[in-house]
Structures are given as structure tokens and as C-alpha cells.
Amino acid sequence: MHTGRAGFILSETMTVTVLLFASYADALGKSAIELDVAPGSTVRDILGTLLAMPGGDRLPPRPLVAVNREYASAATTLQGGEEVAVIPPVAGG
Amino acid sequence: MHTGRAGFILSETMTVTVLLFASYADALGKSAIELDVAPGSTVRDILGTLLAMPGGDRLPPRPLVAVNREYASAATTLQGGEEVAVIPPVAGG
Amino acid sequence: MRVALVDCPIDVSSLISEVSDDSCGAASVFLGCVRNVNDGRAVTGIEYSAYRSMAEREMNAIVREAAERFGVSRLIIEHRLGALGLGDVSVAIVAAHPHRAPALDAMRFAIEQLKRRVPIWKLELYVDGTREWVGSGIRNRESGVEAPDVVATRIQ
Amino acid sequence: MRVALVDCPIDVSSLISEVSDDSCGAASVFLGCVRNVNDGRAVTGIEYSAYRSMAEREMNAIVREAAERFGVSRLIIEHRLGALGLGDVSVAIVAAHPHRAPALDAMRFAIEQLKRRVPIWKLELYVDGTREWVGSGIRNRESGVEAPDVVATRIQ
């Protein structure tokens, strides 16, 4: 059980929206997933969940990730409500 | 008196066409001059003649020169018949 | 200073007119186009897709950085999405400035950064009917997927 | 690979179409334009003149050198002569190549070389009714006229 700064009781899980694009969306057969994760989860935890899903073995072990449209490290801690995008190698231009 | 390689008598003078452009044409008040010069004359000799002409003092002492549309040094020897262009600082583009 | 993801053909002339004014002695333009061969395979077209909100965010960051680095505020980046045919312009970068060096530097900076950072992908369609995500992590899985330099730097 | 001195407005779009084909993934363009201020003086227009035969010869040499250095044979240089108004395009350089780096390098090489070597001059017309040859040896006589680097190298 975690308590927030103001002392409110936080729920045991929080939700993040995972976005998948291009080859990664093909691999997992979907482009958006709502994930319930434990408070204090990191980007690394989210990736572990994704890699364990059907088709997740077709993702690279350490893909690029953006949290709320900004590139983020695997150690980034999530607060809940974030948009977590898994970014295949970019190929614009 | 000079003799050519085949033994013909060469005339005492030869002619070159001097072209002037932009600010240099303004300085000398003309854009083309036919010059009679001694055989064996160099670009330097031509420039000396130009600098001594009315308005020639407004030219820089060592302007760029092209002989037959190719940049040339002051030491270049002329054979007669060349197009000798005095080139102001270029400003294309 | 403007960026856009567009779904219709890019009009280069109008971008040049838009970016320039009478103070500009120089304009520079980069155009990316769909070419008929990639990696030795005959291409018939490319489908571009993007993480639109983040792509716009990164493109805006690039034009701001170009303004800081090169003093070039007259800079437009337009990238087209959707199905493009051979020869179609996929991206246009136009920069204008009183002098040529900043216009050229800013333009080149913008295209290099776009290639590294902006989340846009291309699905190449080949003459033999197959299709493939260009540079996709999946195709390259065995050898490991390398992040673009600038991105890797940020993440470490 | 083509160069031209022209007396009418330069059509950038048609040059881009001309220089590219379906093998080209990249096109780069430089445009020189008449700007409204130079050296702090308000400009109303520029009259361009050239030593035409030599200018064409040097421009042809530049595109040949670009082909050797960068492997870019799809390169056009057009320079306009005569009386130009504010915003008019005086020079256009367009390069195309399967890949972007050679297209960008060749374009920049061509404009830098043109500025150094090609015998073209501009007579700037000012708001106050005066006119002056840009960079003219006569104006700069006191401080000595310096030849462009590349030219000086050749001559020594």
C-alpha cells in the first residue's frame, strides 16, 4: 500500500496507454493497449509486459520509448495516465 | 627582329583584345580595347599599358586577368590574338 | 517558422514564397522523394505513417533549435503522410535568411535531425508485391536495434 | 548536368522537375535572391552583368568538378542577368541524387564555387538614387583588392 504526498490512499494499480506503431503494431497485432500496472512501475516494467504478450517476442529487447511524446529512458517511473509509445526505428524523410 | 621557329620574319607588333567589365569598364570608359604590343609581351605588360591610360589609375595595381577565358598569371606570355580580360572582384549569386 | 504533417501533395513553390521576404538574399530547400530502388529492390511506392502528436512536437523542437543555433527563424518543415508514388515529395524543408550560410546550415540541420528524431515510418511496397517497414527493428532483430545517436544520448 | 545564363525569370519548379528522375531520393536547391538591404543601405534592385563566355566555361567546370567529387551528375546552375527587382531569383542551383548527402554537398559546392570563380558582377541600385558595383576593386582601392582564394591559388 502506497500513500501519496498528501496522505491519500492510492489504488493498487494504475493505467497507462501503450501505443504501438509500424512494425511493432504489426508484431503485436494492435496499435493501442490499456495496461493496468502497479504503482511505481517503470518503462522497463511496461516493456517486460509487452514482450511477454503474444507477438512480443518479435520486438527488440530494448526498443525506444516515449512517455507523453518525449523520449524516455527505461528507468523512467510512471505515475499513471501516461501515454507510453514504443517507437520503432524512425524512417521519415 | 624576332624569327619564328620555321624561320618566318615576325612583325614587330602583335594585337590582343583587352576586355573590361563592370567597375573597370566604368573606370576606363570602354569595355574593349585593341592593343598593339611587342612580341613576347606578358600579361603584366598589358596591365602596365592599361594602368597608364586615362582612368587607369582607378584600377587596382594587380587585378585578376583571364587569357582566352581562363584565369592567368601576370607572367603569362602572349602570342598575339588572345582575348585578355581584366576581371573585377566577382559578385555573382 | 512552421511545421506540418500533410496528407496532400507538397507545393514547393508556395513554401518558398511563404518562407521568404525581401530581406532574404538566400533560400535553401531540401526535398525527399520516393525513389524506385532501395537496397537493390524495385520499389513501387511508400506508405508513410507517424505518431502524429509526437512528430509535430519533435519537428517544432527542431525549428526552434535551428533558430537558436543559426539565427534562422524563416524555416518550414512539411512532411507528407499516406500513400505516395514514385517521385512524390515526402518531405520539404525550406529555409531563408539574408545570407546563404545560415540558410544552408539550418536546412541541413533540420533534415538530419528529422531523420534521427521524428517518429515517422515508411512501409515500402515492392514490385514483387511484398512490403516491408524500412529500418524496422523486427527485420533487424538478430543484429540488435540501434537507436539513432541523438536519441540514444538523451536516453542514457 | 547543365548550366545557363538567362535573361528571364528562373522557374524553380521546372528546374527541380528537370533535374530529378525516379532514381532520386533527394533534391536540394539553393536560390540567391535580391534583398532589400546590403551593408546597411536600402536597395531597390540589382543589375547583373557577366563575361558570358567565360562565365559559362567556369559554370561548366563547376558542374564537372561536382560530378567528380560527389558523384552527382544531376546538377543544374542557372544564373539570371539584367535588371532584377527585390525578391527576384538571381541564381538557382538544383542537385538530385539517390541519397541526400551527395545532393546537399554538390549543391553547396556549386554555390560556393560560383561565388568565387564565375565572372558575374552586380550593380546595386539604392533608394537614394545612387548605384555601386558590389565588391568593386575601385571602391576598395585604398585597402587593396583581394582576389578570391581559389583564384589566387591558381594564379600564383
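A few points about this structure:
Labels A, B, C and D are assigned to the chains in the order they are written; within every chain, residues are numbered from 1.
The definition used in the following text is that a residue touches a chain if its C-beta (ideal position, glycine included) is under 8 Å from a C-beta of that chain, and two chains touch if they have at least 3 such contacts.
Given the structure is predicted, the values throughout are model-derived calculations rather than measurements.
Common neighbours of chain B and chain D: there are none.
Centroid to centroid, with C-alpha atoms defining each point, chain C and chain D lie 26 Å apart.
Mean C-alpha position of chain A lies 52 Å from that of chain D. One inter-chain figure worth recording: chain A and chain B are separated by 77 Å, centre to centre, where each centre is the mean of the chain's CA atoms.
Under the contact definition stated at the top, the residues of chain C that touch 2 or more other chains are 32, 100, 111. Touching of two or more other chains is recorded for residues 93 of chain A.
Chains touching one another, given as pairs, are A-C, B-D, C-D.
Looking at the complex, you find that chain D touches chain C at residues 12-13, 16, 20-37, 86-87, 98, 100, 104, 108, 111. Every residue of chain C that touches chain A in the complex is listed here, in rising order: 32, 48-51, 53-55, 57, 79, 90-91, 111, 114-123, 133-141, 144-148, 151, 154-156. Those residues of chain B lying in contact with chain D across their complex are 19, 21-24, 26-27, 58-60, 62-64, 66, 69-74, 85, 87-93.
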